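Here chain A shows up in two complexes: once beside chain B, once beside chain C.
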Partner chain A sequence: AAAGLCPYRALLARRGGALRAFCGSVRGLAAGPETHFGFQTVTEAERREKIYRVFESVAKKYDVMNDSMTLGIHRVWKDILVHKMNPSPGTLLLDVAGGTGDIAFRFINYVRCVRERQLQQKIRHHQNLSWQEIAESYQEDKSKSLGDSQVVVCDINKEMLKVGKQKAQHLGYSEGLSWVLGNAEELPFDDDKFDVYTIAFGIRNVTRIDLALQEAYRVLKPGGRFLCLEFSQVSNSLLSRLYDLYSFQVIPVLGEVIAGDWKSYQYLVESIRRFPPQEEFKAMIEDAGFFKVDYQNLNSGIVAIHSGFKL
Partner chain B sequence: KMAAAAGGLRRAGWRLWRGRAVLRCQLSPPHRTLQASAVLRRVSDEQKEPLASSSQQQFDSHPTNHQPEQEPQGSRPSYTGQGGQESEDFESEEQLQHRILTAALEFVPEHGWTAEAIAEGAKTLGLSAAAAGMFHSDGSELILHFMSQCNTKLSELLEQEQKLVQLGEAEKKPTDQFLRDAVQARLRMLIPYIEKWPQALSILLLPHNIPSSLNLLTSMIDDIWYYAGDQSTD
Partner chain C sequence: GEAMLRGATVVLRRALSGGQGPEPGQVPGSARLEPSLLRFLVCPLSKRPLRYNEATNELINEELGIAYPVIDGIPNMIPEAARTTQKKPPAEGSKQP
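Moving on, here comes the complex of A and B:
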């Protein structure tokens, strides 16, 4: 029924003035409170749908656009996130809004390296054991290259997951990786399941951030860590002006040229401006029940990593 | 704005509750524990707990009233808050961190003074290994925690000796022997970790760790001299 109403509402939205105000009150009853989509004001239901459509259309060119918009620096940001996480083998990671799998792949690489180092150290320890003891230890030590670590990539958008799965196949990632369709505001997982919850450049697209944070708290094990990588507010005023210039003049043009989609990238830069600044977001995370909440600015605040623990 | 104010009030109320809980728990915390917590907070760049620290400072007026360093495990208030970790919330984050580090010490001979040892320690407490992310990844907090524990044990030892002398049950040792015995006792505490101790020292020499490690060293020396009879204030 909601789907049927949507195009009708969208039609009404195009008429301005008094008619809009009237329809606004009617819409309000049916579709939920008002919120923002970039710099527009829409209802929550509309926002969810619009965002779904944005990512549906950019899914195939998502990685290319990321590289061209950030001049490849987004790779460094994601590397820093995984380094900060410092996962040990056996960690269970939930990557929400992880669409094309960037964080998941980096996690797998990192854990593989740590695991190799662990195995090497074990061999060094074994140098004073007898041959028999060493052979016996091979049998108990299953020698999995990932050491039981697992990552679950969860995304609300089927297209993004599809692109992610194709990438995984292409790059040869198969072990320890799962793809789940799910909404960050209502995760299809049980309580106290994951060691780490990450959301990279996804939380500003969530309509009810507080619900997503509560869900994050719920699915994390006690002692588990919440990590969020997101665009944030730039503190330096000169840099801020250059950044604004770049965001509003260059990025939508790149979007049109590379992905053939001006509007989606217009939405993207607007949504960055609408996202709460570092301290406010930190307070929201604390409200969800996390402790030791802290943030680290990268590139003077263009991007920030927020971290919290479920204690 | 109203929502933000309400959120702020809620958080302030929450912290007040926590502060009160900490007050109730700690009857008279030893001088050393206060210093240890200050060191931990300085070493890592986490948020401060202004209310918790102010409540601790109230009890700082008894520097000579040493009590064995303990985590107030028996007297934690029971509170059914959110989630499964109610007791941890009201134990305060620092106390939980102390518990994790103490648990991590038994894994040091195997893993060294590293984040892995801290992760194993967290696991024995029933927490996820990701809790080790609360600490610096070089393992320095584990070493400093261990050192401050040793220093506390040393000052207890010295105080007990002093009591015996005051009660007349033991002879007062000449200064040089006193110092020798004190230093030897302190060094013996390293024996279980002696294999990995060089690693610990090298980590403590890293520039960002030097202030805290020097601080612990000088306070230990102060302690030894205090019990050796030196009453000067420098």
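Moving on, here comes the complex of A and C:
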């Protein structure tokens, strides 16, 4: 139903298929398999390059643009993601495509809060605390404030990581936080290492989503959880039309005015339309081996959180 | 398999253009790799363990003979960014193009 309502999607399906077949026969396999960049047809190598440039260009204005485009609502979506994760102290999180650190910082705040509450409860119930624990609870000592929780932020883009690291220093985050330049399709992490894997507004920019999902599965511990926050398909027809209007008329203009970059935001909007709908993405996650795969729509499907477990 | 072949050919190409690697010497504290990362990090191509070389601030994969740089404390684990560590071609494990 949603696909039929969006004129761009229908146009894309017809044009994309025919174009792809033509290009395939003319160009052969020399340039690599065909894929899409927004509504254009490009090779996989070209796509990776173009996307890298988009984020290199927007990195410094990324946060400002997120606030403007979503009227600050992206903050709520990210809060909901971390609340859904409900991490306990000692959790090891891998945040992929986490560039500017939004999920990582929320994770740290959350476990710190949980840890404080744990300590307070212990005191209140007069449980057997060691003198060290009592002393710690009175100090502003940060050494155990995270309870051994750790978050590794992995992103393919140097500029985004640079912005993230600067933000962390500025906001005072240092403990339990590390930064790695890496590719979601080819993660530089060992098997069975992480409790949670998150990817927020990143997976639609990955060229081989299937590989990224396989890698996510590989690096998670048995029992580990996969969480993906991403733009999705709107179910409500009126909202869908308003959303299209806003996306194609307002967002690129905002991009030009605020970041001086119309094209990058044009890509952003197109990439959202290109991303598979909820059920299809759910199937892809299941294909990678995850169980109990489920999704939660936020704002009628403008955004969805997909979740799965490695058993 | 295929990923390793792809990575190895990329690295070979870079080697031919002459990668010398950083000068061993003083690496400022802020540029060093965080030790806690060593528990998780492996080579993205072979998924095998890496050795951290403090002097050159690089993560070395001995088997493939490649080194990933650490810049401003952030390890660059993209295969295209790695340089070869040996003057001869990489060890028997990797295939020629």
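Just so it is clear, the second predicted complex is superposed on the first by the 266 of 311 C-alpha atoms of A that agree within 3 Å, B and C clash if a C-alpha of one lies under 4 Å from a C-alpha of the other, contacts with A are read in each partner's own complex, and residues count from 1 in each chain.
We take it that a contact is a pair of C-beta atoms (placed from the backbone, for glycine too) under 8 Å apart; a residue touches a chain by one contact, two chains touch by 3 or more.
Just so it is clear, the structure is predicted and the values come from calculations on it, not from any experiment.
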Since both structures carry chain A, what do chain B and chain C do when superposed there: clash or fit? fit
So in the superposed three-chain picture, is A:K193 touching just chain B, just chain C, both, or none of them (first/second/both/neither)? second
Counting only touches as set out at the top, which of chain B and chain C does A:W262 meet: first, second, both, neither? neither
Would you sort A:K221 into first (chain B), second (chain C), both or neither based on which partner it touches? first
Where does A:G90 make contact in the superposed view: on chain B (first), on chain C (second), on both, or on neither? first
Chain touching more of chain A, residue-wise (chain B, chain C): B
Which partner does A:F248 reach: the first (chain B), the second (chain C), both, or neither? neither
Using the superposition on chain A described above, determine whether A:W179 touches chain B (first), chain C (second), both, or neither. second
Quick check for you: in the superposed arrangement, does A:K310 touch first (chain B), second (chain C), both or neither? first
The superposition places the nearest Cα atoms of chain B and chain C at a distance, in Å, of 15
Going by the contact definition given at the top, which residues of chain A touch chain B in one complex and chain C in the other? none
Of all residues in chain B, which touch chain A in the complex? 4, 7-8, 10-11, 45-47, 82-85, 88-89, 93, 96, 115-116, 119, 122, 125-134, 137
Which residues of chain A touch chain C in their complex? 150, 152, 156, 158, 161-162, 165, 178-183, 186-191, 193-194
Chain A contacts chain B in the complex at 84-88, 90-91, 192, 195-196, 217, 220-225, 280, 283-284, 286-287, 289, 291-294, 307, 309-311
State the interface residues of chain C toward chain A in the complex, per the touch definition above. 3, 34, 36-37, 39-45, 47, 49, 68, 72-79, 81
